[in-house]
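Presented sequentially are two complexes of subunit A, the first with subunit B as partner and the second with subunit C.
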Partner chain A sequence: MSTPAVELRAVSKRFGEVRAVSEVSLSVQKGEFFSLLGPSGCGKSTLLRMIAGLEWPDSGVVCLGSTEMHATPAHLRPVNTVFQSYALFPHMNVETNIAFGLRMKRVPRGVREDRVARAMETVRIVELAGRRPSELSGGQRQRVALARAIVNEPEVLLLDEPLGALDLQLRKQLQVELKSVQRKLGMTFIHVTHDQEEALVLSDRIGLMQAGRLVQVDSAERIYERPRSRFAARFLGACNLVDAVVRARGPGGLQVETSFGLMNAAAAPSLALGEGARCTLAIRPERVEWGLGIEGERGNQFSAVVEERSYTGPRTHIWVRSGAGRFQIALPSHAANRAALGIGEEVLWRVPPESVVILED
Partner chain B sequence: MADCRTTAEQAEAGRHRCAVAIGAPAVLWLTVFFLIPLGMAAVASLLTAGGYGGIEPPVTAANYLRIAGQGTFGFAPVYPLILGRSLLLGLVTTVLCLAAGLPLAFWIARLPGMFKTIGLTLVVIPFWTNLLIRTYAWQILLSPEGWVTGVARWIGLVDPGAALYPGMFAVSLCMLCDFLPFMVLPLYVSVEKLDASLVEAAADLGANRWNVFRHAIVPQIRSGLAAGVTLVFLPATGQFVIPDLLGGGKTALLGNLIQQQFGPSMDWPFGSAIAMVTLAVVLLGLWVASLMGGKQGGAELL
Partner chain C sequence: MKTRSGTLHGVSVALLGFLYLPIVVVIVYSFNATRHGVAWSGFTLEWYRALLGNDLVLAAVRNTLWLAGASTLISTVLGTLLGCGLDRFRPAGRRWCGRLLQLPMVMPDIVMAVALVILFSLVRRWTGWFQLGMGTMVLAHVTLEIPFVAIVVRSRLAGFDSSLAEAAQDLGASRFQVFWWITFPLILPGILVGALLAFTLSLDDFVLSFFTTGPGASTLPIFIYSSVKRGITPEVNALSAIVIAFSIVAIVILTLLQRRWLR
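Here is the complex of A and B:
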């Protein structure tokens, strides 16, 4: 494997009594789009700022490329940041803002102008060159901030909630553009967000953070499909969490007992759960199959009473009660309409064993 | 439609009347106590001094020629020297106040909550004492027996028996202490509002400390700098009590020159001419400073 673009080893940082980041180790590969995802206050921005050199770790090692850089001041690091507030210089126009980094590095004027022009083309703001930041909309400012960073061709581009201040429509549009810019430039992007959907859409890999710790690092698909903790399961989309007790271990997985009956789960072989052990199951609402006449050879089929249904456009969410548990099921709306089930009716639902995830906590 | 417009026009007229009513006292005040006296001084500067302090015809440029150095015994640049010395005093004071005031303003702005108020109060407290008393206090502190001189002698900065006063050092020190609040207060106001993310952005884009200061901090505190420089430079240029008391009274400055013309010399036209030239030089200086300070700063400076 080649040298990672960024490597963190046991990086910690406290602010007074608060442990903002504790013992985080992580390596991000060259050309990767990596997202740090977590609720606000989980330390993801602090971690990013330590890579940028805007914050100093109390302990641990920050490597950029193969060089240890945790003691190098920000202006000497080969990284650039897109700030949440954009932090555009109000007294400079768009072009001068974008040229700032190159000017600081004493890039000759001719080269500088070429690169600034190219960066403006990349983010499609050529016509804004002469404007001041105060004359720009939020989306335009965001593009200028991106251009100002990528024009320096940094080893790693850091993005601190770059789309956080924009409205939903614009955010979705810019997500697509951000991804395509990253692919075109082949640059390493490390992106901080609290928006799980944004992280899933953009990232090759996601690092999920909770209370200063990196709790799971996986590809977007894996982190959604195979959450390891209750926190991961709940933070990334809706999830049914079910308490269970292990009853038997088979070659294909575990048989567990829940409040509504026995259930088979295809467990990861690494999971060391003996008979009688307590565990938590995570089942995504859209993985639940539903309707009458499901033929399940291996069981995992239960009956339930419909308690609530809500239509959200593409999907209809249905809450059912099975035994002592309340369950959320998400169906494509056309399927839900066809089933035409009203509140209070009894139904059958089934979940394939491979869709039952056994959590580690 | 017509009704609407009438109402709008009435409202507009009402606002206009209101603006006139609010502005009138200030305009009247400035006219009576600033514009008219200024015009009188301008006229007086072109007339001739009569006996016993009178102002008489004929109209003459003699006062201005005298300032330019044309004396009874040929060319002698006495007055240009005085003007230059005064501007130098103003400049030195401004530079010293900037050098001391900028770090102080940043330091106070970074203090937690209540300590900011305490810091600002400490900056202002010297004002509660009369300027003359403060100046005499410096005389005592800087005299050969004063403890400041004692400490300086002990370190080896001053020869035994010598004093720090009178002299340029004493004058600069006292001027610095007197004018510092005029620099610190406006600077503090703009430093307080400083957007730290711009500082971080500049560093992130490869700016070293000096470039961060120049490109990310100075543009943000430009209005405070302009106000502070103006508030210090203008009165410091005309200041003459401190140089008189601490400089040994050997050097003539603009302030005491003008005072002399309206007092003992009873030459009001010449005094007016000096005042007019001083005004012109200072305005010129501010204009140049505003050109260097860029568009934004200039508007606030003038």
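Here is the complex of A and C:
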């Protein structure tokens, strides 16, 4: 593997009594779109600011490329940031805003103008060149902020909740554009967000943060399908968490007992759970199979009573009760309609063993 | 929806009239041909012409402008530094220093004037510096003006979005470049308003000047005061009218600046 674009080794930072970031180690590859995901206050922005040089780590090492940079001030680091508030300079027009970084680096005028023009083309704001930030809409400001950062061709582009201030429609549109800009430029992007869907849509890999720690780093798909902790399972979309006790260990996985019956789970071989150990299962609502036609001998099949259903457009969510547990199931709406299940009816549901995830906590 | 109260409306208009009546009288009488008394005996520009021929008046005007200009320049630079410095303080320190700034503003000028005279004479006794004159007047005016400039600059800085400075730093600007390209242009309106305020304060000031002046350093207010002691002359009326005209210009500029920048 080549030198990572960013490497953090045991980086920590406190603010007074609060441990904002604890012992975070991470490496981000060149050209990767990496997201730091977590609830507000989990330290993800602080981590980003330490990479930018706007915050100093108390301990640990921050490397950009192969150079240690934790003692280098922000203006000398080869990174640029897109701020959540955009932080566009109100006394300069769009073009001067974008040219600012190049002017500080004394890039000759001709080259500067070319690069500014190219950056404006990349984010499609050429016609806004002469406007002041106060004359722009939220989406336009976001593009200007992006152009102002990428025009410097940084080694790493840092994005601090770049779409947080925009409405849903625009956010979705700009997500697509952000991804395509990143692909076109082949630049390393490190992106901070609390929006799990945004992280899933954009990222090659996601680092999930909780209370200052990096709790799981995986591809978007793995982090969703194979959460390692309750926190991870719950933070990324809806998830059923089921308490269970290990009853038997077989070659294909574990047999566990839950409040509504025995269940087979395909466990990773590395998981060291003996007989009688307590554990938590995570089952995604959309992984639950459903229906009256399921054959009995396939196992992992339970009966339940429908307690509630809610229609959300493409999907219909159904809450059922199985024994002592309440369970959420998500079905494509057309399937739910076909099944025409009313509240209070008894149904069968089944979950394939490979869709049962055994959590580590 | 506000309904108009006839009485309140009338009272307000009357009060405004009362405020402006003396000013109107001064201006009108500056065009009166009578030398003594208040009888109107016709329109004349004689007194304005006399002023222009009066070397004492011209010297006083020169002194006043020079004093105002010099003290404004110094107090604007120092007040801006002070305002920027206070902004870096921790919140508690900032609050206390803010109060320390307000004290000289509300303290009667005459107390300040006496204090300065005592201080100057002390220093003079040990070092021989600070002979009363233009120099001491400039110093006195600078002390008067600094808090005003600092407070205006600081309030401008309080509304300053610190992420702008961070963004500039992130884009490769050193500390000095951040100040020069971002902070300074954004607080410039505050600095200019502070400077204009300082300038008008200086033009206006009588007490401090009167106490700290020395031989041959008369300003317009001092000149007017000493002329009036010998009875109000039409020349003084004309002079006052000119000062009023200048004040109006200053106020108009101040308003325009504020409207343009301090939104």
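Just so we're on the same page, the second predicted complex is superposed on the first by the 358 of 361 C-alpha atoms of A that agree within 3 Å, B and C clash if a C-alpha of one lies under 4 Å from a C-alpha of the other, contacts with A are read in each partner's own complex, and residues count from 1 in each chain.
Just so it is clear, a contact is a pair of C-beta atoms (placed from the backbone, for glycine too) under 8 Å apart; a residue touches a chain by one contact, two chains touch by 3 or more.
These figures come from a predicted structure and were not determined experimentally.
Once the two complexes are overlaid through subunit A, subunit B and subunit C clash, as defined at the top of the document.
Using the contact criterion defined above for the overlaid structures, shared-chain residue A:152 touches subunit B and also reaches subunit C.
Of the two partner chains placed by superposition, A:207 touches none, neither subunit B nor subunit C. In the superposition on chain A, A:101 makes contact with both subunit B and subunit C.
By the touch criterion defined above, A:91 reaches both subunit B and subunit C.
With both structures placed on the common chain, the touch criterion links A:75 to subunit B and to subunit C.
Of the two partner chains, subunit B and subunit C are each touched by A:83. On subunit A, the surface patch touched by subunit B in one complex and by subunit C in the other comprises residues 52-54, 73-76, 79-81, 83, 85, 87-91, 100-101, 104-105, 148-149, 152. Taken together, the subunit C residues at the contact with subunit A in this complex read 161, 163-164, 166-174, 177, 181-182, 185-186. For subunit A in complex with subunit B, the touching residues are 52-54, 73-76, 79-81, 83, 85, 87-91, 100-101, 104-105, 148-149, 152. If you check the complex, the residues on subunit B that touch subunit A are 195, 197-198, 200-208, 211-212, 215-216, 219, 294, 296.
Partner subunit C is touched in their complex by these residues of subunit A: 52-54, 73-76, 79-81, 83, 85, 87-91, 100-101, 104-105, 148-149, 152.
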